[in-house]
Amino acid sequence: MTGFTHFDDKGAAHMVDVGAKDVTERSATATARVLMKPETLTLIEQGQAKKGDVLGVARLAGIMAAKKTPDLIPLCHPLALTNVTVEFSVDREASAIDIFATCKLRGKTGVEMEALTAASVAGLTIYDMCKAVDKGMQITGTRLLEKTGGKSGTYQAS
Amino acid sequence: MTGFTHFDDKGAAHMVDVGAKDVTERSATATARVLMKPETLTLIEQGQAKKGDVLGVARLAGIMAAKKTPDLIPLCHPLALTNVTVEFSVDREASAIDIFATCKLRGKTGVEMEALTAASVAGLTIYDMCKAVDKGMQITGTRLLEKTGGKSGTYQAS
Amino acid sequence: MTGFTHFDDKGAAHMVDVGAKDVTERSATATARVLMKPETLTLIEQGQAKKGDVLGVARLAGIMAAKKTPDLIPLCHPLALTNVTVEFSVDREASAIDIFATCKLRGKTGVEMEALTAASVAGLTIYDMCKAVDKGMQITGTRLLEKTGGKSGTYQAS
Amino acid sequence: MTGFTHFDDKGAAHMVDVGAKDVTERSATATARVLMKPETLTLIEQGQAKKGDVLGVARLAGIMAAKKTPDLIPLCHPLALTNVTVEFSVDREASAIDIFATCKLRGKTGVEMEALTAASVAGLTIYDMCKAVDKGMQITGTRLLEKTGGKSGTYQAS
Amino acid sequence: MTGFTHFDDKGAAHMVDVGAKDVTERSATATARVLMKPETLTLIEQGQAKKGDVLGVARLAGIMAAKKTPDLIPLCHPLALTNVTVEFSVDREASAIDIFATCKLRGKTGVEMEALTAASVAGLTIYDMCKAVDKGMQITGTRLLEKTGGKSGTYQAS
Amino acid sequence: MTGFTHFDDKGAAHMVDVGAKDVTERSATATARVLMKPETLTLIEQGQAKKGDVLGVARLAGIMAAKKTPDLIPLCHPLALTNVTVEFSVDREASAIDIFATCKLRGKTGVEMEALTAASVAGLTIYDMCKAVDKGMQITGTRLLEKTGGKSGTYQAS
């Protein structure tokens, strides 16, 4: 286990110098799960079919948030993302919606934080849209599922 | 259980009209937990004392993110927050850092989303600062702990 | 006809001092029309029913843009909008979609620019979503329909 | 006529994957026309010569807005624009100001939306600067004039 | 001399709670001086009269930056400024341009940082516009000239 | 001495076309000095060791501001910075803190404005953190120390 890369040898925070890193194809997929009451999940599912498209709003919020990552995470580099997708899958048994966000880039640094930010903000937006009916919703299991590209290569969550 | 407030009767998303709501003192506290390897937690704790202040960076990121909430969450109102704090507590046994974010406002709508956004972005920043040593970290239990003020009054997570 | 208010007596641009203005309820409604090929309109209408919700994306973009007005229009004041709505109506004969954006505020200055910005960005987003099939679309008739509140009172487009 | 590119095959909005597209020189020019009372046009023209430079403010607003396009248009990619210009031409007979915005990029995706956003925001800023004397101004004919570069090649408005 | 207000008693940064502060009229004026070669100053002055309005661009940049203060200064509150002005005065003898920025607000916290940010960014913009001819320009004497309103009352720089 | 590059031959401001410029490694270092009372400097130095880390907050603010440069300086290009660092050095005799900001990029245009913006905003943040105890602080000597890369090559402040 090496040390943190976001501090110099005096402990001062800095944006890591990626100038000498290779330009490679990079992708990252993150996930998050929104736990809610079964009634809330039913309302969301009905909205998909009829009116009040909670997941459509959350998807856009997640995509737009990926682009704001360097504004939000202090030491992230500004990146020219080539692709962002946000998908949802309903888990009736767990009374939950699973969020999967994928970002891609041809560049010098990874897009893990972009994918994690997209998943998180999609989850927060679901909360916002539904909080009038279910203040107890929780966002859980926000984590990196997979990354490819770059010097450290492929990572797959266990 | 009433319906969603962020859609009109045709199912179109809108920013809720809060013009007629009372101006009251409002506050909200949200929490999130970052699970990590014990070695990562040790590195963070050492940084606090010596160098590489992960939590100091994450605290600022969370405070600044609270101010960006209306940019991130599509249907949130722009608000003139009067107070934002982000605190951390280490849970050695769970090998976790707990985040507590509180926002306050004297206004017409609540600050739950601001507190949740602050907690989430603080958690994402911890991930970013430590991901070189621990890609498997998870953010979990992101939820509203308490809110006060407004028509719906006080909410306390169970 | 009086002179421009956004310049001082030496001709220098400034943000008008609204400190002494009354706090009143204010609203503004703006409109814009997106002209397109009949086939494009058909595709949009099918998307509403089935998949590919162009207008849902454009509505959100318009609402979010209203909040960004002070970032976009150099001399606009930052405002705490209490309500933003964006609605669409299809005009088959004109092969057009009409956009109606309404903003509200209890404050010291009007929200005309917020409504116009919401309508414009909703129109630009429709263009973006459909430009792969119809690069010749036009946004036309972007104008203020109505405003209420403030010293100058109600305005109604003729 | 092909389908929309901003939706996947389930109808979910996404930021198109441009990772495999060629890097080429790209440019786009958009236009918009601001219709106003002859007296308003006279005031603007006098300002150019003497004081109160409406078009100077609108030009800057347009240039800065081009840079904000990925913040405004939900599915636009963040781009490293290499050039933005905004020009005006007065049409006394039509009592109008014509806006021409050009953006350039060496990259994987086009800059049509950047040029259209620049022209639109320049028009909105003219409205803002003059609305105290002419609330009935209209922005009309906002459209793409020309684009070059990319797989679809050159487009010229008819 | 009291302690810093931006840290709690454990030394953690926070956004100060201004909820209990009085709403009063507040204003602040800041200044900064841009030193340059006499030839550069001549070019700027010629531009004012003829073409290439450096100070017009810098004035707008300063006004817009005042609105971005809470995005830039981590612990600043978001504020609804009621007035921003940026003025310039040429000091031929010192071969310098003096910048004066004034912000006003009716609110719970002061606008010193907004005025200082406006003056600083106006100065940076002058540098940007002229750096092709004079890389050695300096911004100096950036400081608060005066503030009024709030519990601490009026401050006048000595 | 050549003319300004940010205006076309009619005197209209524009974002310079850098499309034909070479992609080279570029770096820039800027500095600024914050003058303060000796007691204020003592408080800051104590905070470094114990609690209330003024310089840690200012460092982050400077790094984040470098990323916002194209939002702040109207005619700056959006850039994909590869590295940002902000360092401080205490000058007890001058009762001052010196700020050194360095930005790097592999691209078509220089990063002088990014480095100057980082240094300026770090200085403003120090002011903000300490203004409760020392309103008379000044930021002085904000200037470019060195740049490398690009057609104009290396510049070294005299």
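Note that the chains are named A, B, C, D, E and F in the order they appear, and that numbering of residues resets to 1 at the start of each chain.
We take it that a contact is a pair of C-beta atoms (placed from the backbone, for glycine too) under 8 Å apart; a residue touches a chain by one contact, two chains touch by 3 or more.
Just so you know, these numbers come straight off a predicted model, no measurement behind them.
Asker: Using the contact definition stated above, find the chains touching both chain A and chain C.
Answerer: B, D
Asker: Minimal path length between chain D and chain F through chains that touch?
Answerer: 1
Asker: Name the chain pair with more contacting C-beta pairs, choosing from B-E and B-F.
Answerer: Ranking B-E and B-F by C-beta contacts puts B-E first.
Asker: Farthest chain from chain D, going by the mean of C-alpha atoms per chain?
Answerer: Most remote chain from chain D, centroid-wise, comes out as B.
Asker: Between the options D-F, D-E or A-F, which interface matches A-C on more than half of its contact pairs by residue number?
Answerer: D-E
Asker: State the chain with the largest centre-to-centre distance from chain E, centres being mean CA positions.
Answerer: Checked the centroid distances; the maximum from chain E is A.
Asker: Nearest whole angstrom, what separates the Cα centre of chain B from the Cα centre of chain D?
Answerer: Centres of chain B and chain D (C-alpha means) sit 37 Å apart.
Asker: Mind checking the centre-to-centre distance between chain A and chain D? Centres are C-alpha means, answer in whole Å.
Answerer: 31
Asker: Which integer distance in Å separates the CA centroid of chain C from that of chain D?
Answerer: 16
Asker: What positions in chain C touch 2 or more of the other chains?
Answerer: 12-13, 53, 56-57, 60, 64, 68, 71, 74-75, 78-80
Asker: So that we know how the chains sit together, what is the shape of their touch graph: line, ring, star, complete or other?
Answerer: Topology of the interface graph: other, matching no listed pattern.
Asker: Which of the chains touch, listed as pairs?
Answerer: Chains touch in the following pairs: A-B, A-C, A-D, A-F, B-C, B-E, B-F, C-D, C-E, D-E, D-F, E-F.
Asker: Which residues of chain A touch chain D in the complex?
Answerer: That would be residues 25, 56, 59-60, 63-64, 66-68, 78-87, 104-106 of chain A.
Asker: Which positions of chain D touch chain A when the two form their complex?
Answerer: Listed in rising order, the residues of chain D that touch chain A are 8, 12-19, 70-71, 74-75, 77-80, 107-108.
Asker: Using the touch definition up top, name the residues of chain D that touch chain C in the complex.
Answerer: Answer in residue numbers: 1-7, 10-13, 32, 39, 43, 47, 50-54, 57, 60-61, 64-65, 68, 71-76, 112-113, 116-117, 120-121, 123-125, 127-133, 135-144, 147, 155, 157-158.
Asker: Looking at the complex, which residues from chain C come into contact with chain A?
Answerer: Residues 53, 56-57, 60, 64.
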